[in-house]
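Notes for the one structure printed next.
Letters A, B, C and D mark the chains as written, and numbering starts fresh at 1 in each.
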Amino acid sequence: METVFSIKPLLAVLVSVAAVPFLIWSRNPNTRETWTFAAAFVKFGIVLSMLPAVLSGTQIVCKVAQVMPGMAIAFRVDALGMLFALVSSSLWIVTSAYSIGYMRGLNEHGQTRYFCFFALALSATIGVAFAANLFTLYLFYEMLSFATYPLVTHHQDQEARSSGRKYLLYIVGTSIGLVLPAMITAYALGGTLEFSTKGFLAGTGSPALLTALLFLFVFGFAKAAVMPLHSWLPAAMVAPTPVSALLHAVAVVKVGVFSVVRVITGVFGVDLLQSLHLSPVLTAVASVTILVGSFVALSQNNLKRLLAFSTIAQLSYIVLGLGLLSPKGMTGGILHIAMHAFGKITLFFCAGAIFVATGKKNISEMVGIGRRMPVTMSAFFLGSLSIIGVPPCGGFISKWYLVTGTLEANQMPILFVLLASSLLNAAYFMPVVYRAFFCTPEEALFENRVQEAPLFCVGPPVITAAISIILLFYPQPFFRLAESAVRAITGG
Amino acid sequence: MSGIVATIIAKYNYWIYICLMMIGLYAMITKRNLIKKIVGMNIFQTAIILFYVSIGAKRGGTIPIIEHAHGGQSHAVEAVHYINPLPHVLMLTAIVVAVATLGVALALAIRIYNRYRTLEEDEILSRIRGS
Amino acid sequence: MSHHFPALLVIAPLLSAFFISGAGWLNRRFCLPLAVASLGVAGLSALSLFWRVVQQGPVLYRLGGWDPPWGIAYAVDFLNAPVLVLICIVALLNLWASHRQVEEQFKEKTGAFYTLYVLMVTGLLGITVTGDAFNLYVLLEIASLSGYGLIAMGEDRAPLATLNYVYMGTIGACFYLLGIGYLYIVTGSLNMADIARILPGLYENKAVLTALIICLVGLWLKMAFFPLHVWLPNAYTFAPVPSAALIAPLMTKVMVYVMIRLMLTVFTPGYVFSTLGINDAVVWFAVIAIVMGAILALGQRDLKKMISYIIVAEVGYMVGGAWLGNRAGMTGAILHIINDALMTLCLFLAVAAITYRMKSYTFSSLKGLIRKMPFTMGAFILGGLSIIGVPPTCGFFSKWYLITGALQAGHYGFMAALLFSSLVNVVLFFRIIEIGFFEPFNEGHGHGEHGPEPMNEAPLSILVPLWIVALGLVVVGVYTSEIITHVLQFAIPKAIL
Amino acid sequence: MKKLGLLLVILSGALLLYATVDFPLWGDPSSPASLHVSPRYIEKTMEETSVPNIVTAVLADYRGFDTMFETTVIFGAGVVCFLLLRVLGGEEGDHYYRHLPTGVTIHVKGAKGKSLSGEFERIDMLWTPYDLVIKTACRIMIPFIQIYALYVIAHGHHSPGGGFQGGVILGASVILLAISQNLRTALRRIGEKTVGILCAIGVFIYAGTGALCLALGRNFLDYAALASVLGTDPVTARSHGILIVETGVGIAVMATMIWIYNNVSSAGRYDEGL
């Protein structure tokens, strides 16, 4: 495989950090937002400019500093990282627009701080996506934890405080308590932390030790919200909705899952996991999370909490896909990173738009809201279709591949898990949509008069919903990236 | 048994000074009066000084000042005739340090007395808790 | 001139101490420039020595022109060269940051304060650079005595805390002296290298064993190794901030350096780790130190005391790492001397800035501080992240080596203690951030732009050095590999694998 | 606490005593301490430094660096006592005065002091000695003590003595004055500022000599470098160098002793001592 040296990955990471001083010293909100957009577009542009090279099978590398013998801060852009970076940087643009609508619509305080930490969080996300080794990944993973803390606790009230505490306890507690020792052990065993397609742990330690390490990693990256370390995610929903949208549907949770994917593919390697017979264990853990998460979601009344539990379940699809260790399943899992992101962010945007327009958070208060906010709720409908995994939305593709992956791996129970979960998804999303549109005039809590949220709040969900649909018909960039990533992993 | 006694007799200097040291240390640990602790500290330091000085002793040696100094270059000076000067030098330093520490400790005790009007540790502590 | 740097390093601050003392009587305006100039000269000497050591290897300086076992020699090698640079940097930055407070707080006694400040630095530099075991004791006393003076000038209970420090410190120094005496009795020498040459024939001698133990106990007292730490928290808490910010980063760290120096140079690693067989016990003590330090820190309600207990835990890191008996652990311990000094300095300078504005350092005075003093709190948080051990701050890397060492030695208790204390540190620092960020509570659930609270930052003379240190934490972290490959790996004898 | 202390003390004492088993016998001329480093001092001192008192030679030359810091320690102690105790600024309080012709004592409340003149003499409040015998006897003794002190400093090369001992005796003479008369009398002879500066000067003489050697191209404190300045051979230069630093030590020790005494005895107020 060809490798090219370029500082583009570093630039892509640093763009949003560099924007922070400008954000702070902007004299008025409009200049500040201009800078945010500028940074977001530049970032997306840089990421996009690397796409052709990556699609053609080239790897872009960039070594920043050698911090310890055999351990460097270094970036390497491969198909997997590219896919993730593309998703998060493109969604940053949309979210920035949405943030403006939401934050101004609610007249929130501390907006400068909000945009600054948002930018930092994006830097960290791209850093994780492009990390060439476990150390760099860990560095940006931690950076993301601390950068998102002020976002989660943005309201600065008692509830935010206790949620913030829970958030940090889970995220930082696991990364220090589980990932750090696991990483050091891996370094001691393998003598390196560099991701390689075959993994660097093969043939180093006893099976028991390696199994233990794998679980330290899987549970240690608690951002992936694998049960039982998931409960920070619903708690973190106290954050302003754009934060929940980008960070808890896209950046933070996906960083967790992405880290798990990297560990499975780059640290252990498929062959090693297969020889250790760990596939059933991984899939079992993921299945439990999927089912339990979906069941819990059923009983939620708060819309954002419902979405949070849905996210918990959906994240484990990705872990599940990787855990299948079959090419199709892995393609599905990786593709799900993108598909779920676009679907879920739509849902979050809609939830926020409803809150901005009506101040309602609970599903029981949204009966008949489709009459008042038809555009928003249509987008919501499309987003939920994508999550359930039915056409005409992109979620169908990833789920299709996951299902075929289970067949390929000959894991019938998993197939049932997937199908059951799809039904559950429908069971908790469809009533919301149904009652929003099809209720008797007596039941409706809203007047039959269209009154949408501000344009900046409604536009983004429409855009992302549209992208979701487009992805079904034109999944090419993501699909090709996922395929080439899997090719690299399986050595095909 | 006789072996131990013989050792003690042959090295009784060390034994005495170590006992002295421990007396000082005991005072520092258990006494509740700040000045008594300072006294204990001084006993401890002095015992160490004596301990060092006794290292320098040499049977049959005299004080380390060369006799017939002027013109003394002619006759050979033999080490066995003079006791070891090094411990004395070192202990001059240690004495000075002990004096300096004593001065500082007393100054601190005065400050403490000015504030609490007592030098009993228990009373000071109860006064801190009371206020 | 260049080969006189080892002497100049100590002489420049020493001579200036006398001038500062005189200037304190005649014209106080000259005190600060003199102190800065002398520390600057010392710093330059330290840097050029460091450079020379890296380029050409260890440097030996004969004071008075006498050869080592008879005269006193200064030996600069890979182990102490970085510590020397560190001491100068910390002293200079702290002087920069705290000169305003010193002049406000001490008025007529400014001269005396600076005299002791410079003397303290002289003592610490001397301890680090000397190659003579007894000379080390004398310099130790200089550093301690001036330290007592600097600490006792604090508020409220400072004299009492200092007197306790005097008792404990004197016992510690006396134990060290006694240990050197024991060594002298059996070897007849005071020069470290010379003793190390003679000792291999005497490993069976009980006096050598006892000497090592009492030296160690003495040093542990001085470095506040749990359970001998009781003097430290009060002394550092009630000390004036300018003194605390000098003593807290350096005193304990230099003592750890002395311990490592004794272990590596005087009593060779072979004796310390194999013949003696107390490794495990010491590491377990370190485990207790770390755990207890962390737990006690949790119970504190003011910044300085909290940091003091963190120091107690960090001393446990270093002692434990040094006694793991392998290369990674020793590297971690030495690296942590540098890192911990910088982290502690960062935290204490932040405390200095907070105290300067708020006139208090209890947790309750931190309310709303993130809004009021964002730059100070930013640096404080950076320091906190380093203590927690978040990459790329330097605290992460020393912790990495310490954990690797624990892993290699199979000492899982130590590893668990390190992780435990990291987690406790997360709680400690985020509790402060919570207070600074959330309190006083916004009643209206954050809706509506609040009237901008006035930003009331500390003066630049504190902020600039504070941020230099804070960024230094990251820089040192990123350059860890350089430090290790060019310096520290030569500091550790090949005998340690 | 007592039992714990006793246990600790017994344990450490036992450890220390345990090691004496392997010590050489007391006074053994073939002990390592007597054989390894020290013989060279005894045998070479005369030819290398031309000082018959080996202790002085080792103190101020071979290990002169230690001694310099030792002087610094005492200087530091003086500064610490000053920093801790000295109360600067006007002292308001009660004073006692004695009317000299009649011996009547009067008590002035809230006076700033020194307002009464002529026939009145300020006296201490707690302790008011008026003993002609003591005063006169001390007055006679003090000059002799001081001359003796100078002798001890100067003759340190040939007999037990030197800067420390001489300095302490000099300091003691002034302290004797303060005790036999009162602190104010002593302060009139040698004031606070003088003491403080003398203290620094004393140590500076030592360190400065060392620095001079360095400036003259030799190592720090290598008195042989002074040969060119003093116009003697290097060995004699060492002897003279030792004398110079011993003088510095004497001044520093004297001044510090007085300084510490002044501060400690009057608790920093400098008006009434013991």
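For this structure, a couple of remarks:
Definition applied: a residue touches a chain if its C-beta (ideal position, glycine included) is under 8 Å from a C-beta of that chain, and two chains touch if they have at least 3 such contacts.
This is a predicted model, so every value here is computed, not measured.
Shared contact partners of subunit A and subunit C, listed by label: none present. Leaving out subunit C, the touch network of the other chains consists of the groups A | B, D. When the interfaces C-D and B-C are ranked by how many C-beta pairs touch across them, C-D comes first. Distance from the subunit C centre to the subunit D centre is 32 Å, each centre being the mean of its Cα atoms. One inter-chain figure worth recording: subunit B and subunit C are separated by 29 Å, centre to centre, where each centre is the mean of the chain's CA atoms. Look at where the CA atoms of subunit A average out and do the same for subunit D: the two points lie 75 Å apart.
Put simply, the C-alpha centre of subunit B and that of subunit D have 18 angstrom between them.
Residue numbers of subunit C whose C-beta contacts span two or more other chains: 134, 138, 141, 145, 148-149, 152, 159, 178, 184-185, 190.
Looking at subunit B, one finds that residues 21, 25, 55, 86-87, 90, 93, 97, 100-101, 104, 108, 111 touch two or more other chains. Arrangement of the chains shown, judged by which pairs touch: an irregular graph that fits none of the line, ring, star or complete shapes.
Checking each pair of chains for touch leaves A-C, B-C, B-D, C-D.
The residues of subunit D lying in touch with subunit C in their complex are 12, 15-16, 18-24, 31-38, 40-41, 61-66, 68-70, 72-73, 75-77, 79-80, 82-84, 86, 88, 193, 196-197, 199-201, 203-204, 207-208, 210-211, 214, 218-224.
Within the complex formed with subunit A, the subunit C residues making contact are 385, 388-392, 397, 400, 403-404, 407-408, 415, 419, 422-423, 426, 430, 434, 437-438, 441-442, 445-450, 477-481, 484-485.
Residues 1-2, 4-6, 8-10, 12-13, 16-17, 20-21, 23, 25-29, 33-34, 37-39, 41-43, 45-47, 52-55, 58-59, 63, 66-67, 70-71, 73-74, 76-78, 80-81, 84-85, 158-160, 164, 260, 263-264, 267-268 of subunit D touch subunit B in their complex. Note for the complex: subunit B touches subunit D at residues 7, 10-15, 18-19, 21-22, 25-26, 29-30, 54-61, 63-67, 69, 72-73, 76-80, 82, 84-90, 92-93, 95-97, 99-101, 103-104, 106-108, 110-111, 114.
The part of subunit C that touches subunit B in the complex is made up of residues 134, 138, 141, 145, 148-149, 152, 157, 159-160, 162-163, 166-167, 170-171, 173-174, 177-178, 181, 184-185, 190.
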